[in-house]
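Following are the structures in question.
In what follows, chain A forms one complex with chain B and a second complex with chain C.
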Partner chain A sequence: MAILSTPASTVRLASQGRPLKEHLFRIALLASLAIAMIFLVVLLVYVVTQGWSRLDLNLIQNFPSLRAVNAATAGVLSGIMGTLWVVALTALMALPTGVLAAVYLEEYADKTKWYNRLIELNIANLAAVPSIVYGILGLGVISRGFGLGPSVITGAITLSLLVLPIVIIAAREAIKSVPPSIREGSLALGATQWQTIWRQVLPASVPGIATGSILALSRAIGEAAPFLLLGAATLVRFNPDGLDSSFSVLPVQIYNLITNSRPEVQVVGAAAIVVLLAILLLMNSVAIWLRNRYQKRW
Partner chain B sequence: MAAQHPATAPGTGRSLARSRPRYGEAIIKALLLAAALVSIATTVGIIYSLVEPTIEFFQAVSIGQFFGSTNWGPLIKPATFGVWPIVVATLEITLIAIIVAVPLGLAAAIYLSEYAKPGVRKFFKPVLEILAGVPTVVFGYFALSFLTPLLKDIFPFLNLEAKNALSAGLLVGIMIIPIVASLSEDSMAAVPNGLREGSFALGASKMLTSIRVVVPAAFSGIVAAIILAVSRAAGETMIVAVAGGFKSIFTFDPTNEMATMAAFIAQAGAGDLSTGSIPYKTIFAVGSLLFIITFVMNWFSARMVQKYREVYD
Partner chain C sequence: MTSGQRRLSAVATAAFVVSLAAACGGGGNSAATSPEASAPSSAGASEPAAGLSGEIKIDGSSTVAPLISVASEAFGEEQPQVKVPVGTSGTGGGFEKFCAGETDISNASRPIKDEEKTLCEGKGIKFTELTVATDALTVVVPKENTWAKCLTTAQLKKMWEPAAEGKVKTWKDVDAKFPAEPLKLYGPGADSGTFDYFTDEINGEEGASRKDYSPSENDNDIVNGVAGAKGGLGYFGFTYYEENMDKLTAVEVDSGSGCVAPSVEAAQGGKYTPLARSLFVYPSTTAVKRPEVAAFLDYLSANIGSLAKEAKFIPLNAEQEAKLKSDITALKAG
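Here is the complex of A and B:
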């Protein structure tokens, strides 16, 4: 009776219990993800404990200093203001250009034409060009070639070119996810192609574009390498006051502080890292939340 | 009226297309194309910025000295221009990074694509995204002030220098894990379920299916991911500038301080060099070399993705 009442347990197609090897494999896979996560936690805890003694308002109110006597009160105000200026200008330049380019590639470009394929390949390629090479572009062409000098606008143009491929790729994904039936319906009702894009496709892809844009800008905020070549390397002790003003950005100030030989100065750098990571974590969370909240299933 | 506006009368060869051009739409299309062409202009700009100073550099320094010597010291006197020390340092740090990132990244990708339940995925995906979003200068700080002292305590016999290629390479490896993982996972997700089901039907276990069926089927995407990760590692600047140092001695020993190509560019560029001087032009010569190396790898990777992406669709 007992056997008849539980036929499932007597006629199982799969082997009872998996072999040890299967378990070990699964654990090894999970362990590699766990390593990444543990690393992240250790990194965060370490940086916070190192910078803890200087996580105060002086940090965001005062100008930087490399002198040990000032280490108790020195801050990174000029770096924060420089980052705000440069990243705001980058958003103004790179986001519209990137979205327009994505619209062209997704909605207008004829993929059989060689020049459209070249544009696509070129964008994929630019997204992987080392950021220091963009610094060379900024130094050779924008700063010294155009004569814009080591100014806020030079930094912003360079940074815009750097994040542009990332914005384009993200915006294309968002536009691609709008189903063709939406476009066909709009066109069938007599809308022109641009009306269809402007009134149907773009509004439907706003959450995806916003998510991608936030991630691209958070990349921009953390970028330091190109600015080393653009004259932002010194510890600027004033806030930028215009497009032609010289400047520094937060990651470059962090670089200067943490590579300083005095431990007191390094602590200021660690505290500044906490500020930078807090901003980036906030932006990342907003992006992830946006994606989960507004992601449409068509 | 019907005669004036014949919609497609069959056989007449007239199309459904509008009868008069819409100039507004044409202007918009031109504007969008212009936005897309900014990317081409960027590439042209990069090449333009590199070519002229590089040619001028090689007029002053012979190619034979550049590639035929192992003494690198363009910023000191007497200046020497043998590029091998910084090339070897770049290769070595890239190699260490790949040894870290390929197993961890691939394992993460297999787990996320083949094993993870939706809830687990939702937890681990953001972890990888946040890891990808950490600024590299922060990784550099961690390598310099946490990892190097830790390694010194655990392995005192290594005689690690305060700045060394080992710590920098390990952190570059952690940095590129998300690149390997996310691109590999995309290509594994594109493997059709029919292949997995066929494998299960033949009696293969989940592990065998993952290793023998899914990974080979997604191989081109995985290779593309690894090439892209190599290129990112080779061009990484801040981690190596902070934790790897600027010394350029010709050595293969990763416990030493060694400057990579990117680190040299950062070091030379941060100093205020006068336009036209030989050290200034050296930035561009090294930049050209780095750009060519990464460009070839990126192009290869992008072609691989483009060529094999939709095999199963």
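Here is the complex of A and C:
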């Protein structure tokens, strides 16, 4: 941002007699950016061309089908609905918990105490744990231990645990970025710590928290590994109708469709990838919009 | 309310509404789903009572899943209130869930193992074995391969046995008559019933295989791997070969009484030894007491021929089909 906002005249002046090294560095920067962009474009073009013939309303209106008679109308409705159920429940469980944990760690925890430092270290480590490990946890403890079975609620709790460390870290960063002067001002005017947090700190950190949370949920939406372990079924021809319902999620269905031996089924898988990408891009756009809309500068 | 507070509650409300809308959308849309193309349902011998509801959880072998998925869909068109989700955790993974009481029916591409039986007995889960289709485990090579039209079981063992690891690297190592083309092996991973069956029949011990091959639970990977390497060789179920005949050649197998190509007739008639195998489903006897599960099994036995044809499986012969029917009748009575 800072470089872009430098006046053009200054840039022109500076570029005169610019050493070769600087040119090379610039090219290296552009090349790195190009690599990322090219792969994204190639991926998008590839899946859209692969799935183009089945990118229609049937895809989001009908249930999956392996029968040849339904080849032209099979969709991934149960996967979309399963994903929405699980992610909505995950948001309801993980966001409040994550934000409250972050408030504790930033505003209340005494960082000189060893147990608080241990908690911080553990949260940072948990954020890096592979999702399949959470799948094992979900299967062993939540599904079998608590007896919830391979249901929507099991999937949502597992995903909540998966995104919780990410939400906590994002929320902490957002809370940390609120200048201490705001807190001090509030306290000096006689507000209690609770009032300071609720009326000053949290509202000011909402954009950061919201952005971080949506990005964490975007990660959750793309997860297939924990669900494969939990036993989300691959052929599901009904939508979830409650917390204890069987379900499938979009990534699991995509995995199953793509690995099918019949080309017409693989096409549905490619089209489903486009749907998943569309949902992800939509969520990320909301995150960017929230950030820009509510960002505050001190 | 301060402006900051208003903003906080606005965002919180927005997030809440989005979540709720998503959750409610799930419930609301289920009623409005458009009907699927109706299928040519073959006349069932015993038409189950209309208006059943409930859920039949099925998991297990990915080899059997295409057949049971088609059955689940076709049954769902007759009984729209019965939910029949089908999972593909593999034969071993399926039995693990079945014996934990999480599923009602387990698909298997090999008979249940003794330790799995013990596991089920420990949980008080009783079951019956039903043979629903036949499979001819097919050994495939790419079209470019001109030398291996027929392989003996001894040659296959030489390629796949644990002792071959790091030693048998080219086709010449298998048989001096073959060219010195590098041998590239592809096969299913250790969680697969196909792997268990192949290693048992060819290497003489279940699970004993060389480890330096490319394993994949995804049969498409095996197809592409073998088709892309001149010296490639792999194995999987007959259905996959049928769908990829343009890319692959099936090797004839000689178990001592001449070369036999894998085919529907050879598998049904028991000539394709030792690689023809039965595919099973294991319903739990407790689950069969539920009317929807009994109705599903009735549907399966009444339509097994047409279902197998639609899913491109090798159908049961008349004798096996009669046995399936009597097994299901006995299961319901018991």
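Heads up, the rule we're going with is that the second predicted complex is superposed on the first by the 268 of 298 C-alpha atoms of A that agree within 3 Å, B and C clash if a C-alpha of one lies under 4 Å from a C-alpha of the other, contacts with A are read in each partner's own complex, and residues count from 1 in each chain.
Just so we're on the same page, contacts are C-beta pairs under 8 Å (C-beta built on N, C-alpha and C of every residue); 3 or more make two chains touch, one makes a residue touch a chain.
Just so it is clear, the structure is predicted and the values come from calculations on it, not from any experiment.
Peer 1: After the alignment on chain A, I want to confirm one thing: do chain B and chain C clash, or do they fit together?
Peer 2: Once chain A is superposed (C-alpha atoms), there is a clash between chain B and chain C.
Peer 1: Please indicate which partner A:Gln200 is in contact with in the superposed arrangement: first for chain B, second for chain C, both, or neither.
Peer 2: Only chain C; A:Gln200 stays clear of chain B.
Peer 1: Applying the document's definition of touch, where does A:Ala128 land relative to chain B and chain C: first, second, both, or neither?
Peer 2: Touch partner of A:Ala128: chain B, not chain C.
Peer 1: More residues of chain A in touch with chain C or with chain B?
Peer 2: B
Peer 1: Once the shared chain is lined up, is A:Ser53 touching chain B (first), chain C (second), both, or neither of them?
Peer 2: neither
Peer 1: Touching A:Ser177 in the superposition: chain B (first), chain C (second), both, neither?
Peer 2: A:Ser177: touches no partner chain.
Peer 1: Give one of first, second, both or neither to describe whether A:Thr259 is in contact with chain B, with chain C, with both, or with none.
Peer 2: Touch partners of A:Thr259: chain B and chain C.
Peer 1: For A:Glu223, using the defined touch cut-off, is the partner it touches chain B, chain C, both, or neither? Pick first, second, both or neither.
Peer 2: first
Peer 1: Using the superposition on chain A described above, determine whether A:Tyr104 touches chain B (first), chain C (second), both, or neither.
Peer 2: First partner only.
Peer 1: Once chain A of both complexes is superposed, is A:Arg144 in touch with chain B (first), chain C (second), both, or neither?
Peer 2: A:Arg144 contacts both chain B and chain C.
Peer 1: Give me the intersection of chain A's contacts with chain B and its contacts with chain C, in residue numbers.
Peer 2: Residues common to the chain A contacts of chain C and of chain B are 144, 231, 233, 259, listed in rising order.
Peer 1: Within the complex, which stretch of chain A touches chain B?
Peer 2: The touching residues are 18-19, 21-22, 25-26, 28-33, 35-37, 39-40, 42-43, 46-47, 50, 96-98, 100-101, 103-105, 108-109, 118-126, 128-137, 139-141, 144-145, 161, 164-165, 168, 192-194, 215, 218-219, 221-225, 228-229, 231, 233, 251, 254-255, 258-259, 266, 269-270, 273, 276-277, 280-281, 284, 288.
Peer 1: Would you tell me which residues of chain A are touching chain C in their complex?
Peer 2: By the definition above, chain A touches chain C via 58, 61-63, 65-70, 73, 77, 81, 84-85, 87-89, 91-92, 95, 143-144, 149-150, 198-200, 202-204, 206, 210, 213, 231-241, 246, 248, 256, 259-262, 290, 294.
Peer 1: In the complex formed with chain A, which residues of chain B make contact?
Peer 2: Answer in residue numbers: 22, 24-25, 28-29, 31-33, 35-40, 42-43, 45-46, 48-50, 53, 103-105, 107-108, 110-112, 115, 124, 126-131, 133-138, 140-142, 144-146, 174, 177, 205-207, 228, 231-232, 234-238, 241-242, 262, 265-266, 269-270, 272, 275, 283-284, 287, 290-291, 294-295, 297-299, 301-303, 305-306.
Peer 1: With touch defined as at the start, can you tell me which chain C residues reach chain A in the complex?
Peer 2: 2-5, 7-8, 11, 15, 18-20, 22-23, 25-27, 29-30, 33-34, 36-37, 39-40, 55, 57-59, 65-66, 69-70, 72-74, 76, 83-89, 97, 100, 102, 218-220, 223, 239-240, 243-244, 310-311
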